[in-house]
Structure formats: structure tokens, C-alpha cells
């Protein structure tokens, strides 16, 4: 009996210390002459069956492994804080204010094509979700914000989003600069920068010369 | 030719009985080690060691080494000098009122140092005799890495969201163009107006009656007169109406062309 | 009860999964709120006490290790035992029992200058490490043992060092006082430097020239 226990202990130690699963033949070599290896391994397996570590058979080899049900608890969760790209922030804002919006509509509002990952990131973050399809040709998918979006920004509802007038009052909306003799999108530094970082194609461009004549800014904002 | 290093100068050819002695000297790790080895020869507990006897043995050892003109490290010589001094302190009566430690105290200090070295030596041996990791005791051979799950959290405040929207709106406003309605009335408009107005008329009509009455004077009105006149000419060219002016700068009339009979 | 068993399994798995000892703090983080970690570890230790693998404490860390009595059966050919020099073994013992110790203090205990590589070898092995500076003139660096040292020699802590209590009682672990003055290292630059800085009374001095003969460094040779 003591011999058997000693064999059991040896197998235990061998399997523990080995970098690879150990072959049965290898274990047999180390055991006492005439030891019933199969019986020993079965006993060891049952001893560890309900423990945090289990004895598992891998083909003709054996190894200790942490219990599979503990995997979620063994995992270390690490929160990585990242900044959203400007394109993503803008897209999120546009969806929030104008939902439901199709991708094309977002692009029309922004005046630039949406780069590949932008909607994906917002979807993965759990802030936007599909909202059914538009009943127009091609039946494009529309997007809206989620409850998690409201949570993130501490909003009780979409009504809590300040309106354009309130944004203006808060000084967030820059006063519109009158354009004299110049028509078309103003190439401000910000805009230029963004076009670069996003590598987006401008869908529509108006050349000032072509438009000709006198123009004023159309002030209507949704 | 390589010059003989000066150290060789003192090396004595080992001969006979002296050989072991030379090897012994090389085997010691400093004077304290040598003292400890000599003390062990006394075969007594280090606490009952005769320091005087030990000092004699050490001095005799060094004397023999010097007689053989062996290389002797300075450490050993310093110890020899100190032991000679200690011996004199132990043998001579203690001077009165000295602040220096007594000979006994110095001897005890040396004995303590020897005991301590021996203790550390034994401790080292006991430490090495313990089951050692990687030699006698083994760690997990196949450690299982603890998976690290990265949860991305986007850092964005309501302020950032709103300013992004505001910026975007500002840009959109800048991009959306609305051309102001022209002040000039077009010929096409006038043609439509004339055609509509003349429908069903059978007599001469005054051209000026077809100028939109809401137009104030000045450029808009003059532009409207011009375009309406041009429209009349165009319709006449097409053969739909006739034009008549009775005198220079007189009023212009127009009438539908009668159906050819 | 099930919760406790689950905590036990989790600790077991965590410790089993790691080759290196795991800090108690780390384990506490993973346990259920309010779990008695000490009790859990003690229970786990007793469960494994007679097995081929034991749970051992290494300072404030814990690890599974093969049972020491199985050593002869587990020892493999490939284990290369690097034999430490006598000087290195002594130095390690001196640091372990007296820590923190400066180089000069080690030399005083041994009565001989430390040869260049001795501390390096111990440092490289990961068994000793610098422990800040002594607040004495010259601010000499002190050395102490590492957690890896405890792990290597299967010690639960420094109290577990063999014979430490007896040595303490015999007054052999008291701070090193250089009563004998300048015995030992004379030509070692560092030794000389530190000896100067320390306010020692030189009981006896003898110049190497006076002593006659040729002097060389009484170097401990590994």
C-alpha cells in the first residue's frame, strides 16, 4: 500500500514538473516494477477530478491542467483606454442627432466617405446598433444609438442632447463667418487635417469659380 | 624573449616535505581562514580556544613561510604583526588608565571573529545541503499562462461628443451653398408670361401690361421690360404674334397672329 | 461551503498555473470578497502535505513544488549543478544571516578581500540584490537576499534559515563591529576607501614595506 502511494506521489511529481505531457511508457519506467500504471493513473485522475487542477490524458500522454471551468476566473481582465478617432466621434454625434441614419446619409452629412472601421468601432463599443432598413431602393441599413450610449454620456434620453441653439449659446457652435466673393467649403486647417488622417474621398466638391455669382450661407440645420 | 615575471623570484622549488605546505598556503582564504584551520588543530571548542597558543602557531607558520621565502600576501603579514602585538599585550601587565581595549578584550574579539567565520561557514554548508530548486525540488514544468483579456474602453466625454457635432455642423454650414435668386428676369420667364397672358386675346395688347406689376422701378423693372421685349421678338420670330409700334419711342403693341384661313 | 471550495479550487489553479511563486496580494485579489485567504492557503497546504507535490510558502508568496523526498527519483541527468565557490557560499551565508551587509562588512567577517566576481555571481543568480545605502560616511551600498533565494533553498522566510536562532542567541549575528581594526584586506581599493570613511580606530598598523617580503593581494580565489 505504501509502495502504491509512493508510486502515486512520484507520478504526481513527474507530471507536475514536466514541460510536456508525459508518455505512459516513460511513467512506467519510473514506477516500481509490476505497478499497475493504468490503475494508478485512474486513481490519480479521480483524486483530481473535482480539484482546481485536473489530470488529463492527451493521446497516450498525461498532464495536469487547470480545471476548464475556472478559465473565466483565471483570466486577467485589463481595461485599455483608447481615444476615439475624430471621424468616429463625429459619426457618433451625427447618428445621435439624426437617427436613424444610413451610412450614405452619414457620409452626405459629413461630406466625406466613412472609412472602413469607423462604424465598426462604434458598434463594438456598444454605442450604435442597426435599426432596420430604409424603405428605399437598396433597402439600406439604418443606425441608431443604444442605451449604453446614453449611459456613457449620462443622458436620460436623446431629448437631453442639447439642440443647436443651445450649442450656440454654450459657445460650442462657432459663429458663421460670412463669405464674400468666395463660395464653397472653407478649407480650414481642421478640415484639411482630417482629410489627411482619414484618407477619405470627398464625395462632392464645388469649385468656387464654377459656382460663380454671389452666395450666402444657407443656415438651416436639422 | 619573455621576461620572467618578478613574482617568480621568490618561488621556491617545492621539494619533499615542503610541498604540502606550499599547497596549504595557497588553499587558505586569508589569514582568518588560516587561523581557523590552526584553531581546529587545537581540537577544542572555539569558546575554549587558547588565543596565545594560536598566535604562536600562526607566527611559527609565517616564520617558516618566510624562511622558505614564500610569497606571502600582505594580509597574512598584517595579521602576524597584529598577533605579535596581541601576544605582548597578553603577556605584559596591562598599563594603567589606558583607554584602549585590554589584551583579554582583543583576544576575545579575535576569538569571536573566528567563531563567527566558522558559524557562517557551517551555515553556508547547511544552506547548500538543503533541497535546492531545480536540483532536488522542481517547479511546474508547463506553466499555464494566465490569459489577459484586453477590454477596450473608449475615452470620450459628452463635451467631446458635442463639440465634435458642433464642429461638424459649422463645417457643414460652410459647405452648403444657396445661390440668391437673380435680380434679373430671364427671357424664358417672359416668354412663358407672354404666352400665358396672350392666350385667347384677339386684339392688340400693350407690351408693358405684361411686366409683373410687383416689380419696383430701377434695374428689376428695366430688366423685366428688356426681357419681355426680347420675348415678344422671339414669339414674333416664331410667327405666333405680331408686333406694332406707331412712332419712335411710342408704346409697343402685340397681337396674336390670326389663324391662317 | 461551495463558495469556499470554489475559492480553494481557484487558488489551487492559480498557483498550479504559475511556475513562480504567487504573491498573497495577487491571490487575495482573485478570491471572493471576504474570503479568509490564510485559512484557505493553510487548508490547501495540508491537503498537499503528503502528496508528490507540496504547497510551500516563500516569504509572502506561495508555490507548488515537488516533494523534497522525491528528489532522488526526480533528479535527471540534464540538471547541471553549478558548484558555487567556497567564497561565494560563505558570502551568500553572511549576507543571508546578517543582511543588509556592505561589501566591507562581508570582508570583515571573512577577514579577506572579496574577489571581484564573487558578489556578481550571487547577484547574477538572482539570490542577492542591492538594498539601499548605509547612512554612514561614503553611503556604502548594502546587499540582501531576494525572494528567489528563499525559493531556491526552500525557505519560508529568513527566520527559516538553518540555525538562525542559535546563532542569534550566541551573539554571532550582531552587527559587525571591526574591533580588530584593519585586519584583512589592505590593498583592495574599495576596502581601503571604506575603511577610511568609517570612523575606525586602527589598533595596529603595519606598512607592507615594513613587514618586508613581497606582498600580493590575499585574494579569495574561487
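The first chain written gets the first letter, and so on, giving A, B and C; residue counts start at 1 in each chain.
Heads up, the rule we're going with is that a contact is a pair of C-beta atoms (placed from the backbone, for glycine too) under 8 Å apart; a residue touches a chain by one contact, two chains touch by 3 or more.
Only a predicted model underlies this, so the values are computations on that prediction, with no experimental measurement involved.
Taking every chain's C-alpha mean, which one sits closest to the mean of all protein C-alpha atoms?
Centroid comparison flags B as closest.
Which chain's C-alpha centroid is most distant from that of chain B?
C
Suppose each chain is reduced to the average of its Cα coordinates; what separation in Å results between chain A and chain B?
25
Just the number, please: Cα centre separation of chain A and chain C in whole Å.
Chain A and chain C have C-alpha centres separated by 47 Å.
Please report how many Å separate the Cα centroid of chain B from that of chain C, as a whole number.
Between these chains, centre-to-centre, one finds 33 Å.
Multi-chain contacts in chain B: which residues touch at least two other chains?
Those would be 138-141, 144, 146.
For chain C, give me the residues that contact two or more of the other chains.
Chain C, residues with two or more chain partners: 14, 16-17, 64, 66-67, 74.
Per the contact definition, I'd like the list of chain B residues that touch chain A in the complex.
Contact set of chain B toward chain A: 138-142, 144, 146-158, 160-180.
Could you list, by residue number, the parts of chain A that touch chain C in their complex?
Per the stated touch rule, the residues are 8-14, 16-17, 30, 50-53, 64, 66-67, 70, 73-74.
Using the touch definition from the top, list the residues of chain A that touch chain B in their complex.
Residues 13, 16-20, 63-66, 74-84, 86, 89-90, 92-94, 96-97, 109-111, 121, 124-125, 152-155, 161-162, 164, 167, 170, 172-174, 176-177, 179, 183-186, 188, 190-191, 206, 211, 213-219, 221.
Going by the contact rule set out above, which residues of chain B touch chain C in the complex?
Touching chain C from chain B are residues 7, 9-10, 29-33, 35, 66, 69, 71-82, 85, 100-101, 106, 109-110, 112-113, 115-117, 119-128, 130-141, 143-146.
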